[in-house]
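My questions will all concern the structure given below.
Per-chain residue numbering starts at 1, and chain names A, B, C, D, E and F are given in the order in which the chains are listed.
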Amino acid sequence: MSNDNETMNLLAAQKVKESLKSSKRLDNRDFNDFREITIEKGVISSADGSAKVKLGDTEVIVGVKINVGEPYPDSPDEGSMMFNLELSAISGPDFYTGPPSLESVEYGRVADRAIRSSECIDMKKLSIISGEKMYMIFIDCYVTNADGNLIDAATIAGMAALLDAKIPKIDENNKIIYGEYTDQKLPIDMKKIPVSVSFENIDGQTLLDPTAGEEFAGDTRFSVAVCDKNIISFQKGKTGTLSLDQINEMCEIAISKYDQIKKKICDLK
Amino acid sequence: MSNDNETMNLLAAQKVKESLKSSKRLDNRDFNDFREITIEKGVISSADGSAKVKLGDTEVIVGVKINVGEPYPDSPDEGSMMFNLELSAISGPDFYTGPPSLESVEYGRVADRAIRSSECIDMKKLSIISGEKMYMIFIDCYVTNADGNLIDAATIAGMAALLDAKIPKIDENNKIIYGEYTDQKLPIDMKKIPVSVSFENIDGQTLLDPTAGEEFAGDTRFSVAVCDKNIISFQKGKTGTLSLDQINEMCEIAISKYDQIKKKICDLK
Amino acid sequence: MSNDNETMNLLAAQKVKESLKSSKRLDNRDFNDFREITIEKGVISSADGSAKVKLGDTEVIVGVKINVGEPYPDSPDEGSMMFNLELSAISGPDFYTGPPSLESVEYGRVADRAIRSSECIDMKKLSIISGEKMYMIFIDCYVTNADGNLIDAATIAGMAALLDAKIPKIDENNKIIYGEYTDQKLPIDMKKIPVSVSFENIDGQTLLDPTAGEEFAGDTRFSVAVCDKNIISFQKGKTGTLSLDQINEMCEIAISKYDQIKKKICDLK
Amino acid sequence: MSEEKRHDGRKPNDLRPIEIKLGVNKNADGSCLLTWGKNVVLATVHGPKQMFPKHLSNPSKAVIDYKYRMACISTPERKSPVPGKRDKEISLVSGNALESAIMVEQFPNTVIEINTLIFTADAGTRVAALTAASLAAADAGLPMKGLISSVAGGRSNKQLVLDLDKQEEDAPDAVDLACAMLMPQKEIALLQMDGFVDIKETKEILKNTVKGIETVYDMQKKALIEKYPLEGEINE
Amino acid sequence: MSEEKRHDGRKPNDLRPIEIKLGVNKNADGSCLLTWGKNVVLATVHGPKQMFPKHLSNPSKAVIDYKYRMACISTPERKSPVPGKRDKEISLVSGNALESAIMVEQFPNTVIEINTLIFTADAGTRVAALTAASLAAADAGLPMKGLISSVAGGRSNKQLVLDLDKQEEDAPDAVDLACAMLMPQKEIALLQMDGFVDIKETKEILKNTVKGIETVYDMQKKALIEKYPLEGEINE
Amino acid sequence: MSEEKRHDGRKPNDLRPIEIKLGVNKNADGSCLLTWGKNVVLATVHGPKQMFPKHLSNPSKAVIDYKYRMACISTPERKSPVPGKRDKEISLVSGNALESAIMVEQFPNTVIEINTLIFTADAGTRVAALTAASLAAADAGLPMKGLISSVAGGRSNKQLVLDLDKQEEDAPDAVDLACAMLMPQKEIALLQMDGFVDIKETKEILKNTVKGIETVYDMQKKALIEKYPLEGEINE
């Protein structure tokens, strides 16, 4: 039998808040710790690159497809990249399988901007014929279990899948030969790998890498993407507000997490 | 004044079941007989080929349009065919004029598969320039009165309209000259004409060519398309189940009906 | 706090009808007079031509964009024109921001036909290369305050924006160079400027240039577009009926209004 | 005005042949199959019936949901099945015209679905569809103040003519005026025109069109009386 | 019929390796991750729950809302995320098949959402999805008359074979028959076929397919018994 | 940081000229026409009013339905009227920001429609729209905890600047940070940024942006006090 989701969510939120009164997260994590992260590459044989990422009970699968297309008029010598995130009933009982929800649009665009702002992919190297042909990278992210912090999970999985991807062979007419690959990987600068770090603010306390329960308890999300010591994107989400000091503090924490997560992404074989 | 459709449908179903208790169909037909079939060709002057088919009180109109298009990458030397079936309020009170219903999608695809699997159209002969230009056949079926067994009616009408169709003239740029025709017909192999035979299962009894009332009374549809002694497609519809023996028996019956229906289709002038 | 629109509309209609009993419009206008018209050109710096028109409290903003496209097969030597009218919540509380409403489709098409039928734009002069390239004129009309008679306001604003428009420069590949303009205006024949004149029929009395309140009170709209002494389009709107005499009379009145409105449109600098 | 023969042999005020079949659609509450020259149109009426979603219904009258649709196979080039702006506008003004004839206030909170489907199109499809729809509404037994009768008039190749076909409509000087009247009251319920024509000719076209509408009305009456001998008389 | 080895070494009636994981999705009421050869499919079940808009619900039973979806990344060329006619048809017939197994009349006015998502596709995706969905429904504890077990049979390169992969399905003489049965009752709940095959071979393919379905059913039972030792027994 | 003049003569922390007109839209409950440099945006507020379909309403607060829309004519190339992902995201985060200022819990089960339409776009449209929308909400007399004031800061051509225009935003090293605050409480209600900038500069940009927001807030207050002499004071 299905549960009344809203009641369930309220109960979950209450438990989180109760525990926070004694400054404890339900899973006993430090406020500024990520949950356990596991990354598995090459999980989707039909994709040109793929990864499955688990962030605690949150699980996402990302596949990368490389096509050939016509470059945009304002960047005739560059390839393109598109990040698409899908939430459906498969992701959890709060979602519906149908036209993209506003949430999935927001999450996908935040992950897209983190990767784009890092400039980790050398778009110039993805040009085939100036003004005529270039490689288009499609990154499709499926949330297979939503337990909070989908933005960070999607960004990690997106980068892992991009690093896993091989460039397909093309024929003399610059059409993809499906199933055949060059020995080239995507032109990714390992010094520019982006890392997204998200927080939930609950009654003045900010928790890094929130679970779904913690997200139900809070009314303010903040995601900051970093690249080494640099900030590359911000996104405040939901209806709550934050102070300037809180923002600055979260930036510092995010930078302190960079090496840990980057290593996770880059050390994979 | 409009009737409450669902109540009407239930009443119709009850009558059918009552009659079946004494092994009688309401129209006194043998369980394995088609209703009277009339086929009229050339009914739509704006189409390149057309036919109106009546199957008892079920009536459908099919028009064929032939366009020029680019061949699919995986079949550069072949033409293409598309069967589209439309149910709307015009078809009957159970339908709504709007985006295609799931039912209309299913019926259209079953009729499409029957014609496609028969390989009666020589797709190679519809190529104009390899990899560049070919003839596209659009078959549009409008249900103008729904009284059961739309799949068989649509398939018969589709074949009759295809046999009626003339290939339009094209200019030096391979564009259609509307209203002018070559003296060529579509390359159809008269030995491969497909025939679809559908059954409704009501409390264990299977009735060939069910009326709408019989369809309301049953919960299982089975359609088998045949070509001479060959089976070319199956579709079990609706939520009921069938035994293997029932399937085998319906296949035999369908094959026994082939000559009768094929003759109807082919003997037209 | 928001008002119950329907009740408000009914009240407004009652006031109008009450006043009409003593043959008076609420704003004391003569039955056959337009409200004050103000036209301002060049109001949208991002458009190639634009105008804001106020007709009493009705306000519309029209922008013209000129693109390069492929001509239609049946007019290889001509440019094209498209008029689009948008009603949204910004227009008034009776409208909704979403897919185009039937009303906005009707208003836009009536304004489109008035301009098209006048043949004021020399479409042949908008051809660039016969059968390959031509200028496409997009006219987008936003209703920023709906107080009745949107059709006339949209038609006036459309013509004013067309007269304001400059043709953009194109490069050697016939692509628009955004932000750069030729010193050419659109090829518009000043002798063929169309003028639309609309009436509302309320209990047998016809009022020219109705306000929203008058439209709520009536059940019959009639729009006639004229060009000098010629009739170039009709549109009877809504569910009421008119007599032949009423139509003939409104045609005469519309023609008598031509010079006044045309002068307004053409005298602008 | 010269009285030259038209390309198909008709005189200026001749209509194309019209054939009316009532009650052709067993599933509808009312229906009409109408052939009008090369035009072929089927109209059905279902309702009044409950409207969903409820908040779109009207507590003081039935909503008329009129659909003007052209089959994909009705035009030389295959038409997309997705309705365009033209289809939507014609659906709106045709539904409005029919609403002036049907006693909608008798059926609050309901919807009356009127569907027209044009199988073959040769100009004048909107008036053919509306004429058929009015007959289908009468066939459905809906209480009506009168019939909606409709025809197009206009000009083609310098001649004022009634009921233009596609070839005439494509003339460079063509004027196309579609008109529907509530009959026998002779009230104009639909009027649309495009062209470039002086006021005198406009009035003449209108006058001719009204005459054509009377002819159509007579044919409609005849068809109804044939099917419903008694009611047909009462309708007058 | 020759008994040649198939291109991947299987014998004619061998299925590809199947792996079943139940309850993989913590948020769903029931779920199943199934790998079937190269096919990877996730199925989840949510409900019964209240249906919106209400007028689409059924006062005598739960509505089964089955979605067959292929991920954009499941095919060689990136698939559009917009469902096509094929997706809609498969969703309909698969939902119908499952409805024959679920006691829907126990949950009037509700909806049971069954979602399947194919991550990698290599022919036989509809039977893989349906097999997984049936397990997810059982995992959700829905009252069921039995399990839906499904497999495809057919012909490829003159040989009658079970469980064709994409390469076999692309053979010029390929016959593809998808079948699902309510088990252990052995009632056919889904049957679709395309090809060109005489009646004798058709019967043989059907017979083989039923055998394959029994194999799939055994694997399903095993997976359920492993997770639900007691209930698994009762299911028989 | 150098203090070079910008291409349009502004100093680094200068805003473009802002002009506010309240109550411009007679049909709306509240409205604001705002010109901000070359940007022109109209914002209207309708509601609270009943929400349809009802099952989407919230029993504990009003739903904020914020629409960020760019007119087809607002950009060099004609923009499609169909909203894209960017439009949807900005609508969501802007509506969230306004919700933090409006006492939505006073109006359960209703919807407040906030529509913004950008007629001319020259970078900074989302902050211009949000600033206008907040004024329109105040003009509508909605009970509010404060105003939402918004501005963008960033970097262009090695200089930290406020309120970038399109030309500055197109610089290769551009950083674009859009920020909105609930004022006078100084709580950040919207924050979005793209770029590549070290933490020190980030903090400086944030600090500058907050200063710019105070300037915008002063202009908003002034406009409200001018129109509503008494209420404006109470707002503090």
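A few notes on this one:
Simple rule for what comes next: a residue touches a chain if its C-beta (ideal position, glycine included) is under 8 Å from a C-beta of that chain, and two chains touch if they have at least 3 such contacts.
Computed from a predicted model, the values in this text were never measured in an experiment.
Counting steps between touching chains, the shortest path from chain B to chain C takes 2.
We define each chain's centre as the mean of its Cα atoms; on that basis chain A and chain C are separated by 48 Å. One simple way to say how far apart two chains are is to compare their mean CA positions; for chain A and chain D this gives 57 Å.
Look at where the CA atoms of chain A average out and do the same for chain F: the two points lie 27 Å apart. For chain D, the set of residues that touch two or more other chains comprises 53. Residue numbers of chain B whose C-beta contacts span two or more other chains: none are found. A list of each chain pair in contact follows: A-E, A-F, B-D, B-E, C-D, C-F, D-E, D-F, E-F. The touching residues of chain B, when paired with chain D in their complex, are 1-2, 43-47, 50, 57, 61, 63-65, 67, 84, 86, 88-93, 97, 138, 140, 142, 144-147, 176, 178-179. On the chain F side of its complex with chain E, the touching residues are 53, 55. Those residues of chain A that touch chain F in the shared complex are 100, 102, 105-106, 108-109, 113, 116-119, 222, 227, 229-244, 247-248, 251-252, 255. Chain D meets chain B in the complex at residues 24-29, 38, 40, 42, 44, 46-49, 67, 69, 71-78, 81, 113, 115, 117, 119-122, 141. Residues of chain D touching chain E in their complex: 52-53.
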